[in-house]
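This structure is in structure tokens; I'll ask about it shortly.
By written order: A, B, C, D, E and F. Residues from 1 in each chain.
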Amino acid sequence: MKMVDVGGKAKTDRLAVATARVRMQPKTLRAVREGRVEKGDVLAAARLAGVMAAKRTPDLVPLCHPIALSGVEVQVTPVVVGVEVRAEVKTVDRTGVEMEALTAVCAACLTVYDMLKSMDRGMVIEKVQLEHKSGGRSGVWTRASEGQARLKAKRGNR
Amino acid sequence: MKMVDVGGKAKTDRLAVATARVRMQPKTLRAVREGRVEKGDVLAAARLAGVMAAKRTPDLVPLCHPIALSGVEVQVTPVVVGVEVRAEVKTVDRTGVEMEALTAVCAACLTVYDMLKSMDRGMVIEKVQLEHKSGGRSGVWTRASEGQARLKAKRGNR
Amino acid sequence: MKMVDVGGKAKTDRLAVATARVRMQPKTLRAVREGRVEKGDVLAAARLAGVMAAKRTPDLVPLCHPIALSGVEVQVTPVVVGVEVRAEVKTVDRTGVEMEALTAVCAACLTVYDMLKSMDRGMVIEKVQLEHKSGGRSGVWTRASEGQARLKAKRGNR
Amino acid sequence: MKMVDVGGKAKTDRLAVATARVRMQPKTLRAVREGRVEKGDVLAAARLAGVMAAKRTPDLVPLCHPIALSGVEVQVTPVVVGVEVRAEVKTVDRTGVEMEALTAVCAACLTVYDMLKSMDRGMVIEKVQLEHKSGGRSGVWTRASEGQARLKAKRGNR
Amino acid sequence: MKMVDVGGKAKTDRLAVATARVRMQPKTLRAVREGRVEKGDVLAAARLAGVMAAKRTPDLVPLCHPIALSGVEVQVTPVVVGVEVRAEVKTVDRTGVEMEALTAVCAACLTVYDMLKSMDRGMVIEKVQLEHKSGGRSGVWTRASEGQARLKAKRGNR
Amino acid sequence: MKMVDVGGKAKTDRLAVATARVRMQPKTLRAVREGRVEKGDVLAAARLAGVMAAKRTPDLVPLCHPIALSGVEVQVTPVVVGVEVRAEVKTVDRTGVEMEALTAVCAACLTVYDMLKSMDRGMVIEKVQLEHKSGGRSGVWTRASEGQARLKAKRGNR
């Protein structure tokens, strides 16, 4: 078990974007949209929880390096099936910030769930995924569109 | 914004079970199954990360109560499409442990992602969901089977 | 140095209320009231930071007992001289929650300062004080009004 | 809600100094001066709590960047009206350490309060304020003397 | 990997005492005794670090239950070969506090080491051990004297 | 009490290696070797706890600087008298990582103790010590062999 040594890597600008969503019942979503949630403002709480969780990533993910994040932005938006979360994390460091972006979206989704669970325990957190990363030796990575992804998955299965 | 007062509730035995999975490419899954992962034992790390994260829940989810967990068990198992995680959390307290179980599965999935990401950045964390809860005023709740859930969702949309 | 033993005390309902305020320049306050702050919603962020900090009290205040908080509510309100914060914390435990309430108001004020500091570095956090506590052996305590307090202070100095 | 991106800023030497005080009854202050406090050495505990809290700043203040502090010094001194706290924090980083210095003085004051509260619940934490900062794009800032400040406040109110 | 379920156990008074020591060079010890240490008061810092670490035990020891500690006392004393640490931890809970007492002495010893390491990197933390525990199903346990322990160890080896 | 200013030091490659061991009864060690421990895989849990604790060092050791660790590796190995732990920590920073390596071995040993304590409360954590460090102004330091150390200790006592 080791946190791999990144001491030899260069400090470069790194960016990661992750997304996820909380699927919920239409009436739950209406309560969010109309601000009728007993515990308070769901979207604001989720955004803040996401930003704060990005900073806690190395406490949660055992082999993650502690990283000096230079910027974190979390968006939480009502969509058709529920609430969508998008986190963008930046650093100038020796290793990437994919885990920070993914942790931020998880925490934001968990916060959405927590604030609404008394109305709708069946909500599902879905599609927690990296959308894009840049910087570092492995360079740019961007998620293929759903169609491309299905093709790729097929090839991978062969 | 408030952490709702649960001081008037009785301390009762409470249980929550949550599940999630990390969908990955077949070759990534093979590396897990065959123990060929540079960072170490993926399944053991994910299990431990899950247990530890359950205890950090009130630090991550802003309006969650701090709870004296009496037991946490996390299972991480390779399945056909990737790795499946199941967390069971127990307490004898004034409020439920749904968030602890969901946080545990998120952290376990994030740990799986972290240890495999250099091979497969496209992995997706899916279906983070409560399966069952018992104890407390709202009593027992069990997730409907997928078929039932689809029916319910339809009715909800009407 | 010791965290005094409270094992012999009874678990009773306990409540503490603390307040504080951030004094700021009128133009800074206007920016808050009008929602023109680059970093986001100051009042929502401060409220949430207050609730979360209440839970971190034993990590910050060395000899504080870890306490199972049953409720926390933080209000952050623009007033004439700046922003006023009020935290109400409840527990059913062996020791009081004065420190949790005071820590919550400090964190909320620090958050207000942080989000506005690029406009107004001279802001001052003032009057961080307990207003009321009840429960436990020492019973009810309520802060005297300002007039009474000045009288008392005089007597104390004699 | 976002932690603003500082990736484009230069790493420079930065310093911040903050102060605060805990106003207390004369007999409480005498107990501190004479070392007659049941919980232990108040001044030593407050100093240490201040240093440790400086390091926890990004956990408490939601939109604060995690910063590699290069030095922290906290002084806790009995004065006429109670106990005065002064924190000096240094870094070589992309953003300032004002919040770290303010958090340090808050935690030191809270610790003073905690150790003395059984004698004097009416203590007030006052004048938590930045005294000086240097480094970074905004350069040097020094708090005006009380007289100057009153003048400025008047002008600001016009 | 699991945090075993203690929900069925009774809440009883529990106590644990642990000790350890930091062996150091005589000149290092003299610096401690004479208060000539650049970083500050070694004994006070170590005591406080011990108390605070007891509260962090479930964050450090993966399968430890979060426990509502009712009292913690840490003593740090210069002895012939260096500095001796003793921690006494109490709770009224479903599981024991051995780990809290052991974690407290470890953190106190690490703090002693940290404050003196520039003088004496060869210091050794020794004999981190439980001395006594009481409460709970397994009842009272007291460490045998060194002579008895050696005998026992022999028997164990047969 | 201060965290000494290291802002003037150069960022250089730094390495520290620490070791420790948990002495236990032969039958306890057999249970570890044969994987018959109710709480789960002792060696994997201890390794992970060590890595994670290295990252928490500045939270536990009051005057330790927060450091961007670039690599951490923890080995936990059954030996004749019990379980031996070795941690290797690397950074490219202004101050050394001795405390991180020592904290990692302490946490790994505490985890071993925790998972086995129901069988053997008499286990002792021994010889928590730095083995080697390099980098920084004070350069390379390597622990003398036991024979050399005894000689040195004698000279030190004169």
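In this text, contacts are C-beta pairs under 8 Å (C-beta built on N, C-alpha and C of every residue); 3 or more make two chains touch, one makes a residue touch a chain.
Being a predicted model, the structure only gives us computed values, none of them experimental.
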From the options B-E, D-F or B-F, the pair that copies A-C, where over half of the contact pairs coincide: B-F
Rounded Å distance between chain A and chain D, as computed from the means of their C-alpha atoms: 34
Contacts with two or more other chains, residues of chain A listed in rising order: 1-2, 4, 40-41, 44-45, 47-49, 52, 56, 59, 62-63, 66, 68
Pairwise chain contacts, counting only pairs that touch as defined: A-B, A-C, A-D, A-F, B-C, B-E, B-F, C-D, C-E, D-E, D-F, E-F
Chain D partner contacts - residues on chain E that touch it in the complex: 40-41, 44-45, 47-49, 52
Chain F partner contacts - residues on chain A that touch it in the complex: 1-7, 58-59, 62-63, 65-68, 93-94
Touch list for chain E against partner chain F, complex: 1-2, 4, 20, 25-27, 38-41, 44-45, 48-49, 52-53, 56, 59-64, 98-99, 102-103, 106-107, 109-111, 113-115, 117-118, 121-130, 133, 138, 141, 143-144, 149, 152-153, 156-157
Residues of chain C defined as touching chain B within the complex: 13, 44, 47-48, 51-52, 54-56, 66-74, 90-92
